[in-house]
Structure formats: structure tokens, C-alpha cells
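The two complexes that follow have chain A in common; it is paired with chain B in the first and with chain C in the second.
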Partner chain A sequence: MGYVAVKGGTKAIQASVRMYKDKQHAKGFEIEVAHIKANMNQLINQIMSEASLYDRDLAALSILQAEGNMEEAVFLLRAHRSTLPRLYYSTVTNTRDMFVERRVSASFKDIPGGQILGASPDFTHRLLDDDQSFTGMHDEAVEASYTYSLDALPKVIDYLEQEGLFTKKPEDDNEPDDITKQTIEFPSSRSERLQSLTRGQTGAVTSLGYAEIRGYGYSSHPNIGEVRVGQQPMHIDPYDTGDAYYIGDIELTEVEAFMPADEDEMDDTGSTEKTFKIGYGLTFGQNETKAIAMSVLDYSLEHPVGNAATSDDEFVLLHIDSVESTGFISHLKLPHYVTFQSVLDRVRQTKGGDGQ
Partner chain B sequence: MERKRWTSLFIKHGENEAIEFFNTYETRVDFDIISEPAEGLTMIKVREHAENSLFYIGEMLVTETKIRQGQTVGLGVVKGSHAKLSEALSFIDLCFKLEVLKEELVDILAELELKEAEFIKSRTNEILKTKVDFDMMAE
Partner chain C sequence: MRQNYAFLDENSKKEIRRKTLKAISIPGYQVPFASRELPIARGWGTGGLQLTLSLIGQADILKVIDQGSDESVNAVNIRRLIQDTTGVTDTIHTDEATLIQSRHRIPEVPLKPYQILVLQVPLPEPLRPVEPSERITKQLHADKEYSGAWLRLFEQIMRYGSITDDADYPVLVGGRYVMAPSPIPRFDNPKLEGNDGLILLGAGREKKIYAVPPYTTVTSLAFLDHPFEVESFDDVTCRESGLTGVYMDELIDETTGETYYMTNDTSYMIEEMNKEGSVK
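Let's look at the complex of A and B:
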């Protein structure tokens, strides 16, 4: 069979684009970017996290343009990101400086600074409610003797360390790898894994984290030491003088999950003892489920178990990326005339035909 | 005042004051524009607390402006798309470096410090309303 290149879809494609634009927004019910920004906080958080670009306005615009299709919105934002120059690298950001707006521990009831519920849907009825009007905050008395500052709240792992149940590692200042500059290679580095997990598709990261706990990996119930959500100050020091510029706050969710270590640790006296290790999750915006799942997968990849799927960095990291996975799956609907003809020829030949 | 401190006060609590300062005094200081306000990215480097290593969490959109007087460069960088604020910050940075209009800036920043203290108090109170009181639960 011969192969002939063809053309002729231009008019149909133009008409398709026009039809899509017409279908995109119902006339008379158009909304603006400001409406999305003001009302779809969680969606914006997910998009920014998966796109690996923090900007609420651009995320809202991508949602509007993509008709609320998350994978398309992430794609648009990643594409936009690639058009912009990278001007700076931030100084080292430490979440100990976060202005905490929510901080809970599932492991200790009494933690320094207390359990601060902040804004969370965790305590609401999961029933559809057609009254979505704004209620505002009520005036209630606040504990006058609160001695902590919300921008310097102690971390729960400090408590574990004081008890001798967690050994803090010395600071590792090696420059991290950057998967946006260099393709990830296997076995992956820790920095590649964390960068890849934090921008993974929320559903994929959550599913694999769940699979890991159910028995396809470390298979142990992690204890969440701390979930903290808050405003993280960002700085740059372009002249490397130590006199940094503050450039703005970003919202982050951080999770530290306690995992009972499989192996014993040796203390100063040479005797061995059981300790805890930490699984770490950090995401743009308030993305608690994803951050928890990230902490589970971080531990699973850092402490691999046999041939478990969730301990296989290539399996996990190459399949959780929204743009990669949705891009490949959706390309299957595009014309594959030539490749399919080739398959067809072979099948016909096995049936005794001439392949025409 | 440290640069980290004054940039924080203007960006968090004094956008209007920064722009007003620039509009009022821009003709009092000679400067050339190196680059007009333009958008770009800042890659965020983070310290994680499991192994205490570093990784990149992603990028944030920033607006950058650069101006200069001789060899002295004024730099204005701010999160998001904020051309006016970025321009004003570059001018204020130049003023600090040249040590001009210092008294005017000190007065504005003193006001912004009060504004910030009030904001933090109010925001902290709002957040602490959601702090769990286990004593009350045991009653």
C-alpha cells in the first residue's frame, strides 16, 4: 500500500474552533477572571500547584479559558510559564518563618501553640446547600494569654526530637536539581523527586499515596505530625550581599508525616533503638490531601520496599505529571492513519489477504 | 532599616504610599531607566524538614523594574503583575542607596509599621478564634 500525504482539514478546523468558542460560554452568563479569583480558591490552588506556577490571576484566567477543565488549565499555565524569563532564584525558604493560618496535629493533642483549625471544610456537612451567601466572622473572645507569634510557631517535629524519637539531619546545602531545566534521570535525586511530586496531578498523587498505604509499598498507616497552612514570605538576594529584598507572600501547605522506622538507629552509646522518620509534603496553596499523599510517597521513594510499585521512582514520577499523562492519553484521538494502516496490513496478511 | 523590612512594609501594607511617594518625588532624583516594568519568574528554593535538604517547589510570577543613577541601581521586584508598584519600589530602592529623601521615607515607614501592627493583631485574633480549647471540651 502506498502512502499519500493529504491536506484539506483547514476549513473544518476553523469551523470547529468557532463552534468551541460559541459553546465555551453561554451568552448572558459570562463571568470574569475576578469572579473565579474571588470564588474558586481551591480550584486555583490545585491549578497553581500542578502548573508549578504561583499566580492567582493567571490561574483564574487559565480556568476561565479552559472552561474549568483542570488538565487544560494546567497545560495553559505551564505553556505561559515557558514564555517568561526566569529572573531570580529565591533565597532558601524555610517554613519555620510561615505566618501560620492553620496548623493541626493528628499525633499529639497538646502541641506548643495549640491546634489551630483555621479555614477548613473538614468540619462542614458534606450536603449540598443552595444557600452560598457570605456569613462573615462572628465576634468571639480570644485567649488573651496566647504567647506564641503565628510567624514563629514551633514545629511538632521539634517536640519529637526533644523526646529523642527523631534525629534531625544536618543541613544539606547542595544545590537542588531542577526538572524544568534538565530531564529527570533514574535513579532520581531527592530534589527531583520532591519537585516532581509537588507538581504532580492531585488525583494521581492521592491515588498512589493511597495505594502505598493499602499494601503496595511501605503499607503502614502514617501519623500526621503536622499539617500547616499559611503565608510564606519570599525573598531574593540578587547581589548576594545578605541584604535581601522581600517580594511577597505565597500560600503553602506543609505536611510532616511520622513513619515508624523499619530499621533501628544506633545512638551515641552504640546501642540500637527504634525511632521515627519523616515523610515530607509541601504544595502551593491549600492542598492538604495532596500534601499528605506527597508525604506518603516521599517516604515510600526515600525508603523503598522490595519491588513495590510506589517505591519505584520511575513508575511514580513519570505517571503523576498532568501535562505528560493527559497529553499522551488525549493524543490517541488524533489521526494515526499511517500507523493503523500498517497494523491493518499485518492483520490482513495473517488472514491470507494481500494487504491492500 | 533593613531592605527586607522596608520592602515588606511597602508591599504588604503600603502599595498606595509607595506609588504616591514615587509620583511626588520622581522629578527630585535624576535617574535612567535600565528596564521598564516587565514580568518574569522567580524560582522558589525550599528547605524540607525530613532530610533537611533543598528542592525547588515551583516558580512565582514577579514584576521587575530597574533604574539607575550612575553606577547605583534601584531594583523593584514584586509578586504578581504590578507595574506601578514595581516601578515605585525601584525608585525607593535607589533613594535608600543614594541616601536621599530619607526623612520622608522614614516617616512613611513609621506609619506603615503601625498599620502592620494593627493588621497582625487583628489577623491573629481572627485565626485564634479557631484554636481548639481542650479544657472547655473536658468540662
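Let's look at the complex of A and C:
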């Protein structure tokens, strides 16, 4: 009986929680939230993105509390998010106003504004660095000089548009759906898809995006028109006066992926022209792989192919959320003996045993 | 960090209560709601918990059970969260409670008019085994097109000679909606019918709320020649209390290796045993 006694469960649980908490603190090696915030930027980025809560301090706290466990840290932040009243929406913000810290195009060698590598591990050698020569502090910061205005860089997509290779969709000024206030109903809207993708689990979004381009869906290579990382100014207009308040910057990663595709309509001569369509990715923090995968999935859900799972909004959106997938999988640890008794009864029945 | 009363912010609770009212107005119909993340994991009872948190007032008396037991790990955990954020009184006695949250069981003691039973639901869609797509199942419900649900049972009879659906056995509510009763054993299905109390079902991960209001007709799907059957405990007596005709746990005596049975609803068992002139 042990596990679910008539009495005693409470004590056992309290003891288990205590053991877990005791284990967390290795005496003499405790670290503080400030250390995590200062040193674990990329982990913080990933957690804020999956939690859809932009708060570096709370993300650092969640990492400490979760012993560095991603799913637990995301879970802590999401739960905290549920306690906060939603007071305002930010006003529309344009990523052309982003203060760019990093920006690369894989499609063109020379882009107006230039390639800006910024800070990235892309070109490091992944050699374990046991004398910490790489991660150690450098006394002098890298000086970057630049002639463009970093908060008004042109976009690579403009070039394609000028060439007539990309047709902008008409602007959609409908109020976006908010998946945290209204659950997604299918068929989903694009705003629901983008929100769901951007808070998706990094690994899940990446895997599905990978499947889409590897062989189950679009099955071809998109071209990254531009990936940019930088500080995006945010404003709110609580009294709807048109005179918005600046509330701060958030770090974002934005991806525009070019997908060669057929024009939707045939031209005058009745033949089909090729054009570029776009997949869009946007995440909190520097999360480049996820943002690229998101752009692939945004495209695959906008332009479904056959029976590909990655073209099916229900399949993608209902399975990429970290809190949902880890929660349901882990609940299998809970006792299920009432239902199992019921299963036993039916299995025995088919065996002609004591079911009847 | 400062906590809200009953954890969620007030606007979230209001939304959940509105969706609950809609669910009560359309018995058996799954109302979508914007399910919030809770400090308890998805799949561990967050649908039921959001209903409880949105409904609980300071005068409520709370009972939480899992697998028929007040002391099951998850019941303890959920009760602790509710109490930590509300300070309400709890009880193990079904009759005393005004709000009962349960996973996998409807208590043996019949519901009273002043009671709300909240059931935790993992898979709210009874048609999911025959149709993976949400947009199609929604259409099927709208059309009252339930041949898939019936065919599934029919195919089981063809294949195994009997219906093999175990717990979470589908029911028809108010003659209109086929509903997943949550993974209660078939034994508890008849308790859904014509209740004095209100039954609410919440699925957190799947973001649905639905309800069986008092005095609603609820019938388990079955055929004339293959009637609905509950789990059989006909020849079984509770070793602890001598009770019969209740849902039992099947246990193994560690010393003799013998199989024995014990009443699953532990608070009911204790109450019966404490009655004067009880069986044992």
C-alpha cells in the first residue's frame, strides 16, 4: 500500500520537499541571483522566451530555484505570470526602430547598413576551456566604430521588394488575438500561431522546423534574409491619448526567412511565376536558432503542404508548449490505480476470467 | 513575493467563472477558456484547480481527494496550495464539504444541493480516440454526429466479445452532448445522473470547462444486447471494514501473497467504521 496510505501522505510529501530543498544548497558554494543574472545570459534568454515573461531578474531567480532545470524554471515563471493582472498592451512597435546589436543576412553579401556580427558564439571553436582563457574577463572592451545609425537600419526585405521579387501583404490592422486570454480555436489565426510559436519550447520548435525543411513539408532550404538582435523600445498608451509612454527596451531576435515559392495567381499568359514568400520569427532575448525555426513553422502553417504534420496547426501548436508537454508527460508518475483497476477488469473480462 | 487570494488575479478568476456559467447553461458542452499556468504542473489537475480557485470563498469548506483518498500525494499537494493561498478550512468528510475537488473518483456519499464537485480532466474530448483533429470534433459535436463513438464500442464487441472501454467511459448528457466523464471508473458513471449537487469538469492543458448541472440525465453509451457494465466487485468484501458494493482497491498481502480488497473511498470507509454497530 505504502504510496497512498489512508494517513501519512502529508508527512511523506513534506519530507520529500525538504530533502529536495536541502539538496539545493551545497554548503560553501551558494551563488546569488545577481551572479546568475550577470553570467547566464543565454539561459535567461531561453527561459524568458519560453515563459513569455520578460524579466531578467525573475528569470535568474527561477534558474537558481530550479537548480538550472529549464522546464522547472519556465514553469515557475509561467505560474508567476498567472498572478499578474494584465493592465496594458504595448502600442505597436516597429522593428525598424530596433537598436541593432547584431544583424546578419545569409542571402546577400553586401546589405545596406552592412553585416554586423555583434556578439555570437557562431564562430567559436567548441573546445572545453579548462583554464577559462575564453570565458575570463578582458580588460579592454571591443571597440566598434560604425557610420550608420543603429536604430534606423534598413531591412534586407526592402531590397527584394524594390526588385519586385516580394509583394508585401496588405497591412492587417485587426486587433491580434491574445492566446493568454482566449484559448486558440481552430483553424487558428496568424496572431495566435505567432504567439504560440514564440513561447514554444526551444527544442520542440527547432525539431519541428528542422523536420519541415529536411523532408516533411516544404523540404527545401529557406534563405535567411535577415536575423537581427537588438534592443526594441516599448511604449504604452494607457489612456488612449495617442501620447504613449516609453517603458523601456526589451531584447528581441527577429528573423525574416525568404522562401522561394509559386505566385498564388497565374500571370496574364497563364503561366506560373516564381516569387519569394516570407516566414517570420520573433523571440524575446537572443534566441537565434529558435527564431529561425519559428520562421520556418510560420511559413509551413501559412502555406500547408499535403499531409505534413508541420502544416497542421493543431499538431504544431498543441504540442510545442513546454509547460503543457512536460506537465502531461510527468503526470504519468501520479498514482493511477483507480483507472488501472478498471483496465484490469476489462482485460480480465476479455480473457473470460473473473470479470463476469 | 506577495500572493493573491486564491493565487490567480481577479480578472482571470472572473473569466473562468463566466465560462463556468456558460458550461452550466449547456450541459456536457466543452467551453474553451484561457487556461492559466499554475504552480501545479499541467496534467496534474490544473483544470480542476482553476475551477476551485475561481469559486472558493472564505466560508467554503474544502475537500480534496485523488484516487479516492484525501491523503494521496497529489491531493495533499493541491489542498496545500489552495489552503496556503486562501486559508479556508478543509475536511475529509464528504458531507461537510461545500467544495470537493477530485481526481478519478466521485465519492461514495451522494452529493448534496449545497455541494459542488470539481473533477480534474486530462482528456476532455470523448471523440479524440476516433478523431485527432479538434476542429473536426467540434464540428461533430455541433452536428450531434456521434457514429464514431458508437462504432468504436461496436468494434470492441466485434473484436473482444465485450466493450473494453475501462475508465473515462463516454456518457450522453441531457440527450445532447457525448461527454468524457474524466477517468472515473465506470462504477461512478451512474452517480453523474440526476444529482442534487453541481458537477464541474475542468481540463487545464486542453483548456476546456464543462458541467453536469443538478438533475441532468446522464446515460452511459451502450447497446440493448450489450448493456453498460460497471467494474465487478460482486464477490468482494473490504478486508478493513467489511463493506460491500463500493469501489475497491486490489491489494496484495505482503506476508501471505494473497489478494485482498479494501474500500477505495477512504473517508467513507472511516465514517462507516466509526458508526455505532458498524459491520466490523
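To be clear about the criterion, the second predicted complex is superposed on the first by the 315 of 356 C-alpha atoms of A that agree within 3 Å, B and C clash if a C-alpha of one lies under 4 Å from a C-alpha of the other, contacts with A are read in each partner's own complex, and residues count from 1 in each chain.
As a convention for this text, contacts are C-beta pairs under 8 Å (C-beta built on N, C-alpha and C of every residue); 3 or more make two chains touch, one makes a residue touch a chain.
In this text the structure is predicted, and so the values were computed from the model without any measurement.
After alignment on the shared chain A, the placement of chain B and chain C results in a side-by-side fit free of clashes. With both structures placed on the common chain, the touch criterion links A:Arg78 to chain C but leaves chain B unconnected. Once the two complexes are overlaid on the shared chain, A:Gln349 sits against chain C while remaining clear of chain B. Taking the C-alpha centre of chain A as the apex, the lines running to the C-alpha centres of chain B and chain C meet at 110 degrees, rounded to a multiple of 10. Look at A:Lys168: by the touch rule set out above, it reaches chain B but stays clear of chain C. Greater residue coverage of chain A by touch, when chain B is weighed against chain C, goes to B.
In the superposition on chain A, no contact is made by A:His303 with either chain B or chain C. In the superposition on chain A, A:Arg86 makes contact with both chain B and chain C.
Contact with neither chain B nor chain C is seen for A:Lys37 once the two complexes are overlaid on the shared chain.
Of all Cα pairs linking chain B with chain C in the superposition, the shortest spans 10 Å. Counting contacts by the rule stated earlier, residues 81, 84-86, 180 of chain A appear in both its interface with chain B and its interface with chain C. Remark: chain A residues 48-49, 51-58, 81, 84-95, 100-102, 109-110, 114-119, 137-138, 140, 142-143, 146, 150, 155, 157, 168-176, 178, 180, 190-191, 194-195, 198-199, 233-236, 238, 243-250, 252, 256, 277-280, 282-284, 298-299, 302 touch chain B in the complex. Chain B meets chain A in the complex at residues 2-5, 7-8, 11-12, 39-62, 64, 75, 77-81, 93, 123-134. Touching chain C in their complex are the following residues of chain A: 1, 3-10, 12-13, 75, 78-86, 179-183, 185-187, 314, 318, 323-324, 326-331, 334-339, 341-347, 349-350, 354-356.
The touching residues of chain C, counted against chain A in their complex, run 1, 3-4, 7-12, 15, 32-39, 41-44, 46, 66-69, 71-77, 104-105, 122, 132-135, 138, 160-168, 183-187, 205, 207, 229, 231-232, 247-251, 264, 266, 269-270.
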